[in-house]
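Here it is, the structure, as structure tokens.
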Amino acid sequence: MALFELKNVNRHFEIRPGLVSRVLHRHPTRWIKAVEALNLTLEEDEVLGIAGESGCGKSTTCMMIAGLAPPTAGEIHYRGKRVDNLEGEALRRHRRHVQMIFQDPYESLNPRFRVFDIVAEGPRAMALWPERGIGTRVADILFAVGLEPGKYNARFPHELSGGERQRVGIASALVMEPETVIADEPLSMLDVSIRAGILDLLRGLAQERHFSCIYVSHDLSILGNIADRLLVMYLGQAVEIGPLKQVIRAPKHPYTRALIGAVPVPDPRYRRPIPRISGDIARPIDPPPGCRFAPRCPYADASCRKTFLGLDTSDPLHHQAACHRLEQITDDDI
Amino acid sequence: MFDYILRRLGYTLITLFAVATILFVIFRMLPGDPTLQVISPAMDEAVQTRMKEAFGLNDPMWKQYLIYLKNLVTLEWGRSFVSAQRVTDILAYRFWNTLLLMAAGMCLTLVLGIGMGIVMAWRRNGPLDVCGTVVGLVFQATPPFITGLLLLIVLSYRLGIFPTGGMYPAGQRPDGLIDLLLMPGFWQRIVLPTITVGAYYIATPMLIMRDSMLEVLGSDFIELAKAKGLAPSTVMFRHAARNALLGVVTLAGIMVGFAVGGQVVVESLFSWPGMGQLMVESAASHDYPVAQGTFLMLAILVIGLNFLTDVAYSYLDPRIKISATGIG
Amino acid sequence: MRGVGEHYRIIHANRLSRIGFWIIVGFLTVAVFAPWIAPHGPWEMLFVDGRIASLRPPSWAFPVGTTHLGYDLFSQLVLATRTTVIIGGVSGLISILIGANIGLIAGYYGGKIDEILMRFTDILYGMPFLPFIIVLIALFGRKLEYVILAIVLIIWRTSARVIRAQTISIRQRQFITAAKARGCSDLRIIYRHILPNVLPLLLLYASFNIAWSIITEASASFLGFGDGETISWGGMLYELWLSGKTRVAWWWFAAPSICIVLLVTSLVFVSRAYEEVANPRLRKR
Amino acid sequence: MTTKAVLEVRDLNVRYNTSAGPIHAVSEVSFDVFGDEVFGIAGESGCGKSTLIRALLRLLSPNGICESAVISFKGHDLRTMPDREFRKDILWREISLVPQSAMNSLNPVYRVGAQIVEAIRAHRRCTRATARERVAELFDVVGLQADLMDSYPHEFSGGMRQRAMIAMALALDPALIIMDEPTTGLDVLVQERILRRIRKIRDAIASSIILITHDIAVIAEMCDRIAVMYGGRFMEQARSLDLFESPHHPYTLGLKNAFPSIHAVGAELISIPGFPPGLIGPQTSCPFEPRCPFRIERCATETPQPVTITEQHEIRCFRSAEAESLRELAKSKATWHCSN
């Protein structure tokens, strides 16, 4: 059984204009549609990569899965049980199973807590174990992420380097013994030379401790190194999903093609093709129906603007793209 | 921006209404005869009955409240127990005197304080900065009645340079503002109160300006302004000071609230015929209608100045538009 | 969480705040032992050679001189210290307690709760501070409790506003989301995660509140709206002003004035040290 | 490419005096920037690349002290030029900057166009209208609509701000543009477009560019020559092709191992163990020594001096002669992670 299942999940925000604009200029209330009609499954022991540019809804998706932001429509199932409508105490209990690793290790650790307290905070807040049990578990997990407990327990975050901080962040997520870990761009603030170490650590721990992982990044080359499956999002819509190598080597959707084509390559001889897409990414405010990539897509026709062809949910592991005009796209176009 | 200003205006009116209500409640909670607030026991019987009817003092509380609100709006603020003058007439004269002194003090404070703040930040840790900070903090810690008394004792009593109080020499009642401003006696008398008010409040804009200048000077756009090859003075005034001013305006509201308090003390000390002095005198002599009216008028002054602060802020910061519509 | 040592370091990092700190400690000591230090009662008429010791300048017998009615100013000063410390301490602490909680709750929850609490704070901003105290005292009588009540009712507004702003900026930081994801409840987040981060600001405003309480009480007393039964520094100056001896009795003016200024300045100096912690940009460069 | 150097720097040192002792942020840096080339400086956070720029632009904070043997720009000796003259004739007119955080580098209270007009009019006598025409022209060059110049910075997206910053840098046709992480924090597609725009501009006008970034892929795509910076020093300096095809310095080798490429999905990445150095106190060793798997005793007691390998290829390493074999060893993860 799938660990997580998202069924037609939406998250919309309302923007109410001020009184004057409402009354005098008749500005209507507008909607930001951060995530729309998202269907997704997460299997046990897999690493699902989510790729996309800023504003594509990848962070909102994480927040919804982690139980930090409720979807405005649709259902989220965890081990077959519906969890999106949980509230209060039950929601707090549920959060234990889905832990997050955050983007910015300088921001995600409370500057007034010592390392030990940071890691112990989750178990303490939920009273998972007696204080002594928490102590040994914190020591274990710190050791597992490569920080010697005796040396680090009493330190404050500002006394640590970026890499050490991110390890503390990982420890404080894993000490909860979650079944799913969501990593939201955990490397983007770290130096290149130590990124691989964190990536290795995460991959190793996932195998050792049997959690599945959602790894979110805008950097496809990093995703290429950790994910088993890859989901590509654009302005709140899922546009392509499939096994990693297939998506990266043989992308189907025009957006995925452009995205992969735009990734810089550390090779001075390589000459990148000029992507054929135009325009800028918009904000998902009152988006028209249909494919949101259509305005920038060289292949778009009337059908694209009218309806959005969602991903097929019947076979979630299959490589597929949400595009009407897959047949019209030829390989020499990228 | 209009949305923002309109909304602040709405809040201002709500605040005004709430302050008036609080005042009503406080006066009704008064132990003893509740009619005391509008009717002096010294009045003759017939007048007392007439007043009772006019103010609805025999009616139930909610009706009294409505009458109270109606009277406020129609400027029926009652008559002084002492002089039997209409409260609104007394206030109309006193209001401008207060505003005059306040404006003088505020101008001195803001111009000098902001200027000093800029220079202090510019020459950070220089002698001016260090002395300015210490002197500013000491001024901030000195209540105005002590500064005022000190000035009176030294400059008036000992050296006799300035008159001890009042607004103009006795027996020379000016007619109109121009006449007043042409009077040398007025200028002699406004100096000490202005310095007293100014000394107490100068530290606030000065130190805030200094601190927010230092904060702004550390930001990236200042570095870029320097890299653009702009003259240091341009960087200081055009880029840093304008942004730092936002910090001062934010806290100006707080300052205004306290400034009215300082005003009361200074007016009493220098016998300045303003609302502050009136407040103290009427409260001391239990002249309730006047005390109530004065309090309301002072509240209106504070609330109005707070509103002006908000407007100034929205003018200075173009980003305000966003937060008003709730997008940012 | 950092302990007492940190505060000691903050205060001692700066010469002015160090001096201020010890002056405050001095005043506190005097306040505690006031009845044993003061040689006379506050309104005890003293006689020298059978005549009222009226308007004596400072001397060995009367270290800070006497009033026109022969009261010993030194005893008055010492006993008034206690009044001031009580007023400053009680209203400063209560007001920061109210202000901090309202600021934390409004800032953390946002939305309607924030709107209501902030409108309420706005209303208090519309109340002229000193006039409000004057009206209250004039109506209800010259009692110390009323003075404290009036100060407390108004003074928390600034701390609430400032702490709310700080709370909002902290709430948006990632470690708060992290705490939520780890299953911390709202109260735990407010008081365990946010509170320590607003603590420097909170202490800054606690000390401002104390300073403002002292100044306000002194001003009200000077205008004749203090407690008539309890001696206070402002009240001493009020008696001087009433007696009309301002021109001659410089010592009568100097003694309470110096005490007020010294104590409040010390508080301001100490709070300045916290300001540099609360506002890290001031420290850098 | 012309052979005449626009900018010539020899032995540049910058140290910050702090209460904990002097921090040697930049040590013995020498390089040339030639006419219309892109010179890349690659380095991680804290390696001193930002300090280097600040030193060149005289923007160091008061506790920063810059000493050097030569800083010569188009024949002017920048070391001795008085501040006023430097500000009027060199800054922005000849050397302009695209700062790291375009997000915060525009003053929020002024309109974007006005900020560019200000830069133009600070150096050139012209009316506001002429300056605005120039801004419109520049906006066109960087691909922004001209009517956007009356917007405030907060109305711009990240990519638009970055383009506005580039427009501002081009305003006076400077001989040298310093770009500090010009695309960091931008989306891939936006980054791609801005890089393409920069390349186009480079071809169209006769400016040289110093491009500073931690992103090796961006450096590889953009630069003619590259310097790899670590611990305040240039560890390796070479033409772009040489650096990527025959890297010599262990740090460069490690960096290449650690950097993922979308063309090698699933390839193993190897991190460099340890952390960057703190640079406080006297510098008497190779800064990379604590993290280097190939270190020898000498590395801890002496700072290696630059060794020339081939023309325009210099490295600071005692084992430069063994580069061939080290390169082989560096490919294995065991080399990096078991020696400690």
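Each chain carries a letter (A, B, C and D) given by its place in the written order, and its residues are counted from 1.
Heads up, the rule we're going with is that a contact is a pair of C-beta atoms (placed from the backbone, for glycine too) under 8 Å apart; a residue touches a chain by one contact, two chains touch by 3 or more.
Note that the structure is predicted; figures quoted are calculated from it, not measured.
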If a chain touches chain C and chain D alike, it appears here: A, B
Contact-richer chain pair (by C-beta pairs counted) among A-D and B-D: A-D
Approximate Å spacing (C-alpha centroids) for the pair chain A, chain D: 31
Whole-Å separation of chain centres (CA-atom averages), chain A against chain C: 51
Separation of mean Cα positions, chain D and chain B [Å, integer]: 54
Numbers and ranges of chain D residues touching at least 2 other chains: none
Chain C residues counted as touching two or more neighbouring chains: 285
Residues within chain A bordering two or more other chains: none
Sites on chain B touched by chain D in the complex: 219-221, 223-231, 234, 238-239, 242-243, 246, 316-319, 322, 328
Contacting residues of chain C [partner chain B, same complex]: 16, 119, 122-123, 125-132, 134-140, 158, 211-212, 215-216, 218-219, 222-225, 234, 237, 241, 246-247, 250, 253, 257, 260-261, 264-265, 267-269, 272, 275, 279, 281-282, 284-285
Chain B residues within the chain C interface of the complex: 11, 14-16, 18-19, 22-23, 26-27, 29-31, 133-134, 137-138, 140-146, 149-150, 152-153, 157, 211, 214-215, 218, 253-254, 257-258, 260-262, 264-265, 268, 276, 279-280, 283-284, 286, 291-292, 294-295, 298-299, 301-303, 306
Partner chain A, residues of chain C touching it in the complex: 1-2, 173-175, 177-185, 188, 193, 196-197
Parts of chain A lying in touch with chain C, wherever the complex brings them together: 66, 68, 92-93, 95-96, 98-100, 102-104, 107-113, 117, 121-122, 125-126, 169, 172-173, 176
